[in-house]
Amino acid sequence: MTQSMRAILFFGFMAALFIIEGSTNFWIFSGSWNTSLVILNMALVSAVMALGVNLQWGYAGLFNTGIMGFVALGGLAVVVTSLPPVTESWSAGGYRIILGLVLGALTIAGTILMRMKLPQGRLRGVLTLAILIGGFFLYRAVFDSGVQAVEAIDPSVTGNIGGLGLPVLVAWPVGGLLAAGAAWIIGKTALGLRSDYLAIATLGIAEIIVAILKNEEWLSRGAKNVNGLPRPVPYEVDLQQSAEFVANAASFGLDPVTASTLYVKIGYALLFTAVLVTILVLSQLARHSPWGRMMRAIRDNETAARAMGKNVTRRHLEIFILGSAVCGFAGAMMTTLDGQLTPASYHPLRFTFLIWVMVIVGGSGNNLGSVLGGFLIWWLWVKVEPLGQWLAQVLTYGLPEGHWIAVRITEAAAHMRLFTMGLVLLFVLRFNPRGMLPEN
Amino acid sequence: MKKLLLATAATALVAGAASADEVKLGVILGFTGPIESLTPDMAAGAEMAMAEVSASGNLLGGMTVTPIRKDSTCVDAAAATAAAEELIAEGVAGIFGADCSGVTGAILQNVAVPNGMVMVSPSATSPGLSTVEDNGLFFRTAPSDARQGVVMAELLKEQGVGSVALTYINSDYGKGLADSFQAAYEGMGGTVTISAAHDVGKGDYSAEVAALSSAGGERLVVAGYVDQGGGDIVRASIDAGAFDLFHFPDGMIGDALPATFGADIDGSYGQAPGSDNPGYQTFVSLAEGFNGEGTYASESYDAAALILLAMQAAGSTDPNVYKEYVESVANAPGEPIMPGELGKALEILAAGGDVDLIGATGVELVNGGEAAGSYRVVTFEGGEMVTAEYR
Amino acid sequence: MIVVDNLHKHFGGFHAVDGASLSIEKGSITGLIGPNGAGKTTLFNVIAGVLEPTSGRVMMDGEDITGLPPHDLFGKGLLRTFQIAHEFHSMTCRENLMMVPAGQSGETLWNTWFGRKRIADEERALRAKADEVLEFLTISHLADEKAGNLSGGQKKLLELGRTMMVDAKIVFLDEVGAGVNRTLLMTIGDAILQLNKERGYTFVVIEHDMDFIGKICGPVICMAEGKVLAEGTLAEIKANEQVIEAYLGTGLKNKDKVGA
Amino acid sequence: MDFLNAVVAITNLLIIPATTYGAQLALGALGVTLIYSILRFSNFAHGDTMAFGTVVTIGITTLFQSWGISLGPLPTALLALPFAVAITAVLLVGTDFAIYRFYRKKRAVPIIFVMASLGVMFVMNGLIRFMAGVKDQTFDDGTRFIIKARDFKNWSGLDEALALRTTQVLTLVVAIAIVAWLFWFLNKTRTGKSMRAFSDNEDLALLSGINPNRVVMVTWVIVAMLATTAGVLYGLDKAYSPYTYFQLLLPTFAAAIVGGLGNPLGAIVGGFVVSFSEVMVTYVWKKVAIYLLPEALEPNGLLQLMSTEYKFAVSFAILVVVLLFKPTGLFKGQSV
């Protein structure tokens, strides 16, 4: 079977799953287009994330397990871009916070500069320590007082500095930029490390990013979450109250509730598809060009690529930033879809390792494969739950109700999710290590 | 193979359209994820109320209630939204849940409000959720943190406690409560020596205890849950001799406290929502096959009961109709209803009477679904938890 | 062309290169021989910028190139092949060659999206050049084969071919004959001679096969224990007592080779 | 007196808990490091291996308790531990047989092993929840205290208390015993020496007639022992819950890397570096300062470098800093 045949077949299968989900109430399928579209929307976002990871892993062989951090930064971008600014906060302490951050950055920049200027020796060590400690206390003094002032303002509702009040769609590229900025700093420092070490370093850095989002309330409201983020699509309730919309829906034979919920979801689906297709096309163009060839050469053999004149360090940084930016973009899309930022919800199993499963199952190195992996694994992630319940029913069939085995199995059904993901990953790695749509 | 086919057929039947004498309720909780250790008891509490109603045969002329469990994952808003959509597709008449404020907000905004579905959360306490446009569809039986913070501050001041160390669980509940308490207490001239967060599921709390005890204070205020780190912190503080006296907000109050710590916490105080309510004990003794004292298990029972009583009062399972009745069945006036008396309540409602669900937590709803009401102040004496007063 | 001045490279307590000094004439094909563990490959790696020297200097055309990264050296026309073939295994032979030239406009992301026309033109030229090289190496039939599927000798040829994609000044060949059958080795030898003559490449060749060295190399340098032991023609080297000693000293493994 | 108070305060709240936690982390990190040095990959499933061992121990402990077997003042879990180690070893060797061996034969790159271990992590995550549910479980029995805080205050007359729990001492004693045994095993026995040879240079070791399958098997058995012991000690000292144990993976890795992956001594030091830094950076130094400094210099603030919310970030920050400036760890570990 040729590659394109395979692709058509698999995507056809995927489409069939969504169509059955939407149209047929049977077995684990719910027969609701709303469900189908909800799964589809997040599948589209997941596919974008998988594309970002594929850029890093499939193209350049970088093992980045900090995806969660970039996704979270994308989420933060939505808050700082689209929320209206909280003017009281700015006048109370917002500028002091910024000043504090600038002071902190200056301290680090100063230390680096000094270390570059001075020769190695005791003086340099002492000066480093002095600048760092002095800078730290100065930064804390300015920054903390600003933070306290901001967080004191109506903490149950705001207590943060808000955002720029721009349209929420602007937040998506901003999410990419934020992630790219973070990736630049991380890449500059950690990309020299090899495989396992890079993985663990990025895993740790992602945890730090999320810890910051969880605790810096002036920025993200921390554990108190930001609700009610603006949307790029209309609200269902408004649609239901619009006479025109209701009439239109009726002409399709739909009741207002179904019509409005479908309308909104299709709106998101179109936006996400546009993003996915754009990123996919750009990735494919880059892939099938001298740039992609160079990246593959670097992945295949770094030493040889260096000897052949390629600046591997810079290229690694480039692709690390690019892939992270895509993840940040997707993170912003996800937060927009959710309509809220919940910093406490970023968890590596879900936002790092699951994305990895998508890339590997789909076929690392192959963009279409990553998209397919994103679709399939997300579909499974949602559908394993009814599948598990069904399985529990099958297994306990005939057992009296309340029998301890039956209870145990039913309770465990929810945990099928992780279990299944593990099995899928192991099976693919073992029997089809190049994934469903292998790199050609 | 035959068995398998039969089971498939059975599932297909269950998943089919609701039959006329059955009402489906969604039970959407984080069966996996960070609070997976709490959710089995919460689900069991809610399902106990449903079973009670089904058994009574009094709901809308003998309807039975079928719970449909879905996993909210607590952290994955997208998966939770998809699960909630599946519930809608299965034709539920109301949603019990969700648990964590994050996924609750996502389901509320993206599924419940658009579909006009009533949602009663037993545990989401985020103040942020109050500002979400909910069309009168969202209720919660967990009390709001704002008032409790004030009550707690007053209590401490009256007892002449001038400085406390404060630790809170790093969630919207803990953070919200800590914020409101600190503001109120400092407003009354008290000193909070340190306000330190503790995270769920991080096992080791030595750093927190060290920070708290070296900051010092006459009492340690633990705004958390017994089984989610709060208990560990109390244990470690007692062990290290750091604090002898504590103050416990509602998340900590339960028989687990005296059972675990015995006389070690003698002299400590705490408060939890509730009038002079024996309902909690009744609920705990009625709980079968699960731990009725589990965090939010009692709130869960009340939440599910609220939905069902409101249906009966409205005479309809249509969420847009019965949402108007949730407050009235929760609040006075009316015949007080204890756990185990749901059948009786349904009868009264069917006869056109009014009920006031006391339930396991003395549930009381104010302005748009926020739980509120009076607080029971407890103290610990000789290893027992005793009620000191109500306020 | 290349002057190595008192170069040291230590790994912990092990002195892989221990004060080597040598110079390589422009336009020559210099053989570098020595028993296993003499430090030949380490010397290559230091010159080629893969390893930082512990001390010492490397000069190229009078310019200090010590410690420059490999991609900078590439830019100066210093190329190399590897002892164990470093092909880009998932790419075709042609792609292996086409990736070499620096400064391709298609290596900039922006151009891959908005400069397709320019890339296409460049690619056509590159492709023609790559095919030419494959022709020269007598492996045209393998152009579309994945490099990973090639035999060891073919990979060596391919590596040699990569150096032909740009105007190299000096090429370091590390055991170009290892694992290569005789016929193929002679092909490689011919190619080296031809490149040297027609394009004026300077070659430095590490090789154990003395026939091969004898056939293509002018000057020969013999290393042992990280030091340069002797320099001269192959005949002179073979007659050198110290050299024989060094080979014998490492056991009989290399003896027949030096005698062959 | 003030000085003594300061010493007691620091010992009680900083040194004792951090040492205990550090020892538990060190045992976990030793397992990670052994796998890394001999099987050459970072095992992401290690946290769940610890959880599995603990779950089995809890099961057997319950069984023993129901039979009325106990160890008097010591926790019964100690008695159950060897059985649990055996069962965990069977699981690990089985996992190796079913999964990792295939890739070893194929000589797959380390990253593939890491990915496979991700798969194993997911599967184990489900498995342990199926076996023991999701609830917190406390399985500590026996005497809780060696020194009680109040007794110490009465005895010493100091303002500050000092407490010492049985599990804390137990952790240290068991950890020291196991580490001592491990070093003896690696350095003195034939099998241990062949393991080290295998770790230093696989090809050479194979040439000299070492049976690789045996080395791998012994490694997994030792890892089972380390992981189970670490998990059980942690669980005895705190409590068991599957979610917490997954979270342990990260500080464990931090410890192994800070010390130098592949270096057993480094793993131990790394464990203590992580635990002490977590407590010290978030510690409120005010009280100690008041005891030690003259009155005029008494601080107003808390003297806390970072709030406790960031305690996890502290260990990762240390990890990152170490990786940047000393990529092979404090003690020279292996690089990939």
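A, B, C and D label the chains in the order they appear, each numbered from 1.
In this text, a contact is a pair of C-beta atoms (placed from the backbone, for glycine too) under 8 Å apart; a residue touches a chain by one contact, two chains touch by 3 or more.
Since this is a predicted model, take the numbers as computed values, not measurements.
Student: Using the touch definition from the top, list the chains contacting both chain C and chain D.
Tutor: A chain counts here if it touches both chain C and chain D, which gives A.
Student: Common contacts of chain A and chain B?
Tutor: The common neighbours are D.
Student: Between B-D and A-C, which chain pair is linked by more C-beta pairs in contact?
Tutor: Counting C-beta pairs in contact, B-D comes out ahead.
Student: State which chain is most central when centres are taken as means of Cα atoms.
Tutor: Measuring from the global C-alpha mean, the nearest chain centre belongs to A.
Student: Could you state the distance in Å from the CA-based centre of chain B to that of chain D?
Tutor: Distance between chain centres: 36 Å.
Student: What is the distance, in whole Å, between the centres of chain A and chain C, each centre taken as the mean of its C-alpha atoms?
Tutor: 45
Student: Quick one: report the Å distance separating chain B from chain C, using the average Cα coordinate of each chain.
Tutor: 73
Student: Between chain A and chain D, what distance separates the C-alpha centroids? Give it in angstrom.
Tutor: 31
Student: Could you check chain A for residues that touch two or more other chains and list them?
Tutor: Correct list: 214-215, 411, 415, 417-418.
Student: Indicate the residues of chain D shared as contacts by at least two other chains.
Tutor: 129, 133-134, 307, 309, 312
Student: Every pair of chains that touch: which are they?
Tutor: Touch list across chains, by label: A-B, A-C, A-D, B-D.
Student: Name, in rising order, each residue of chain B that touches chain D in their complex.
Tutor: Within the complex, chain B touches chain D at residues 33-34, 36-37, 40, 170, 193-194, 196-216, 227, 232, 236, 238-242.
Student: In their shared complex, at which residues does chain D touch chain A?
Tutor: Those residues of chain D that touch chain A are 36, 41-42, 99, 102, 109-112, 114-116, 118-127, 129-130, 133-134, 246, 250, 253-254, 257, 261, 307, 309-310, 312-313, 315-317, 319-320, 323-324, 327, 335-336.
Student: What does chain A use to touch chain D in their complex?
Tutor: Listed in rising order, the residues are 61, 63, 189-190, 192-197, 199-201, 203-205, 207-208, 211-212, 214-215, 349, 353, 356-357, 360, 408, 411-412, 415-423, 425-426, 429-430, 433.
Student: Where on chain C does chain A make contact in their complex?
Tutor: Per the touch definition, chain C meets chain A at residues 48, 50, 69-71, 74-75, 79-80, 82, 86-91, 95-96, 98-100, 102, 104-109, 111-113, 116, 119, 122-123, 162, 166.
Student: Which residues of chain A touch chain B in the complex?
Tutor: Touching chain B from chain A are residues 25-27, 30-32, 34-35, 38-39, 42, 45, 155-157, 214-215, 221-228, 235-237, 257, 260-261, 264, 334, 337-340, 342, 344-347, 350, 381-382, 385-386, 389-390, 393-394, 397-398, 402, 411, 414-415, 417-418.
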